[in-house]
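Per-chain numbering from 1; labels A, B, C, D, E and F assigned in written order.
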């Protein structure tokens, strides 16, 4: 097990403890090692880095996935949950989503708010 | 003058005092009121909002403009400067840019780092 | 109330009289003033401008939302309705959508036609 | 009938014999000649070209539609079927989709894998 | 010569008489028939269609290319020229570009205005 | 050193032996371990996978970067070079780029051909 994989598993414990199992059951059948690769790369090599706290990282992710548009709604919802697990409030999440109207347009921001409402209601 | 325009001019004083003048000289000739509209909407109606501090808002913008890709490099550079004016360090900026490799791919993240290096060197 | 907000409410009377109420009920809870901001910015500061008639503006919006791709389908459908309220025919709408195959590819154009068919059938 | 249209009909016989009829019934009502135009342009002017075999062309299309993101899911699924009709295996398809995580980010790649799983299960 | 190619050459006579020659000299060496294919598809199969006048079609294209972002600047500039050849004024062009701030964000709109200024100044 | 990093360095030996050094000198100063992370993730965890040969993988990358648009031109050029190092001919590269006109529109395909011409001329 690489150091990065180990670190990634540590980060996931805070944000979403079942993530690796869920990914593994869903995707390793058609892409061997997909779950392990994602945990190593996304959480071990990125979120585990120093310099920016986890909550700010997750708010940036929520902003970016909103800006990238409606096709990323499933991933946006998961990252809204991760942002809340990292300490972000509903207000903070809604605010950074709405701000994206400036950079990616109204449709992207509105689709982002719709995703947030679904997560907040659940 | 609307309340939002007044608030927007207040925010700009911190981030980039000459912005309205620069925009006005450059764009009002072909789009009357462009500068005023942008300050009102972007800074009066968005950045002036409560709930998230200005530095976090600017880091989210840097992340999103990186994710949106190389065509937004001029705006990314201006917002990196605004992020620094709002208190973000070079490390924080580079980190949220690099994180975007996860959500928008390596080319977007690398183009973002290139933009940051140009701003940091200036 | 700013001049722009007042103008925006005037434009909306033609295109979609209930829009501000719908937006307010849906979004003001998580983003205070969202509806007012959208009407001011989108309809007061943009659609209310001189120089291009409302029907042409709406056809340009339909074209652009088609080009931006499937994630904007909900907003595309609303703007197809607005285009019709501004005097555009079904033929005009279908034509500018199909033309987008040139600039954004076949999938975007076909997704746009699907959205148009849903609106025309309703 | 143009040469390109004739060639396009030849290519479609291998990949998806009913495609022109399906498109014609669905779209020619609102966009006259849409089906014929698509077959001529996409299959007669592009896929019928020499220099790259049909299977490689289809794998490139699967990669690109994955990278373009979730809004193109319907077209991605059809092109996964076309890739299989051109001789690509499930492994080859899943691999080029997953590779797109590098260039378009994790959400695009995961949405692509979801589309592939739906096609493989059908 | 297909009917569509013939029609496309007719449209180009109005918009940009040298276009096929320019494309042929630049691209037919690496993509045989590229110029002919583009004229047939873009101008014979799309712009030659009935239902929407050429000026409105070109304004829709200018809007869409603006919305698609800075990477399409070269094509945006050519289509701004085509829009003017089809009868659009500088005001009309600047207005539909600026309107895109609503749907694709400020950076896309500002990059579009920059492209327009370059064309207007030439 | 993780297994993936070791494998990634093996792949890079074929495609672009100086890549890790170039990245390290350019980016490790602002993003510690950037070069190592990229080699591990992109080449060790993706290109080193079985199931699809390196040349086909690179052609898929060229197609996808073309489809993603002009902002990725620097990365597209590097991957055109990698595709040639993996055995792809100029014809194959030009063909898959041009094919992208179908899925991402003419501007993306033309920008891709421009990038290819620059690489072929060098």
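Methods note: a residue touches a chain if its C-beta (ideal position, glycine included) is under 8 Å from a C-beta of that chain, and two chains touch if they have at least 3 such contacts.
Predicted model, so just to flag it, every value in this text is computed and none were measured.
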In contact with chain C and chain F alike are the chains A, B, D, E
In this assembly, which chains make contact with chain B and also with chain E? A, C, D, F
If chain C and chain D share one sequence, what is the angle of the rotation that overlays their CA atoms, in steps of 5 degrees? 120
Assuming a repeat means more than half of the contact pairs shared by residue number, which candidate in A-E, B-E or D-F repeats C-F? A-E
From chain B, the most remote chain by mean C-alpha position: D
Copies chain A, chain D: same or different interface, half of numbers shared as the threshold? different
A-B or E-F - the one linked by more C-beta pairs in contact: A-B
Name the chain whose C-alpha centroid is most distant from the C-alpha centroid of chain C. F
Between the Cα centroids of chain D and chain E the separation in whole angstrom comes to 26
Counting in whole Å, what is the centre-to-centre distance of chain B and chain D, each centre being its mean C-alpha position? 39
Where chain C touches two or more other chains, by residue: 41-42, 65, 67-73, 75, 91, 94-95, 98, 101-108
The chain D residues in contact with chain B across the complex are 67, 101-108
Chain E-touching residues of chain F, taken from the complex the two chains share: 69-73, 90-91, 94-95, 98, 105-108, 110-111, 113, 116-117, 120
Given the complex with chain E, which residues does chain C contribute to the contact? 41-42, 46-47, 49, 51-52, 56-57, 59-68, 72, 75, 91-92, 94-96, 98-104
Chain E-facing residues of chain B, complex: 27, 30-31, 34, 38, 42, 65, 68-75
Residue numbers on chain E that touch chain D, as the complex places them: 2-5, 33, 37, 40-41, 45
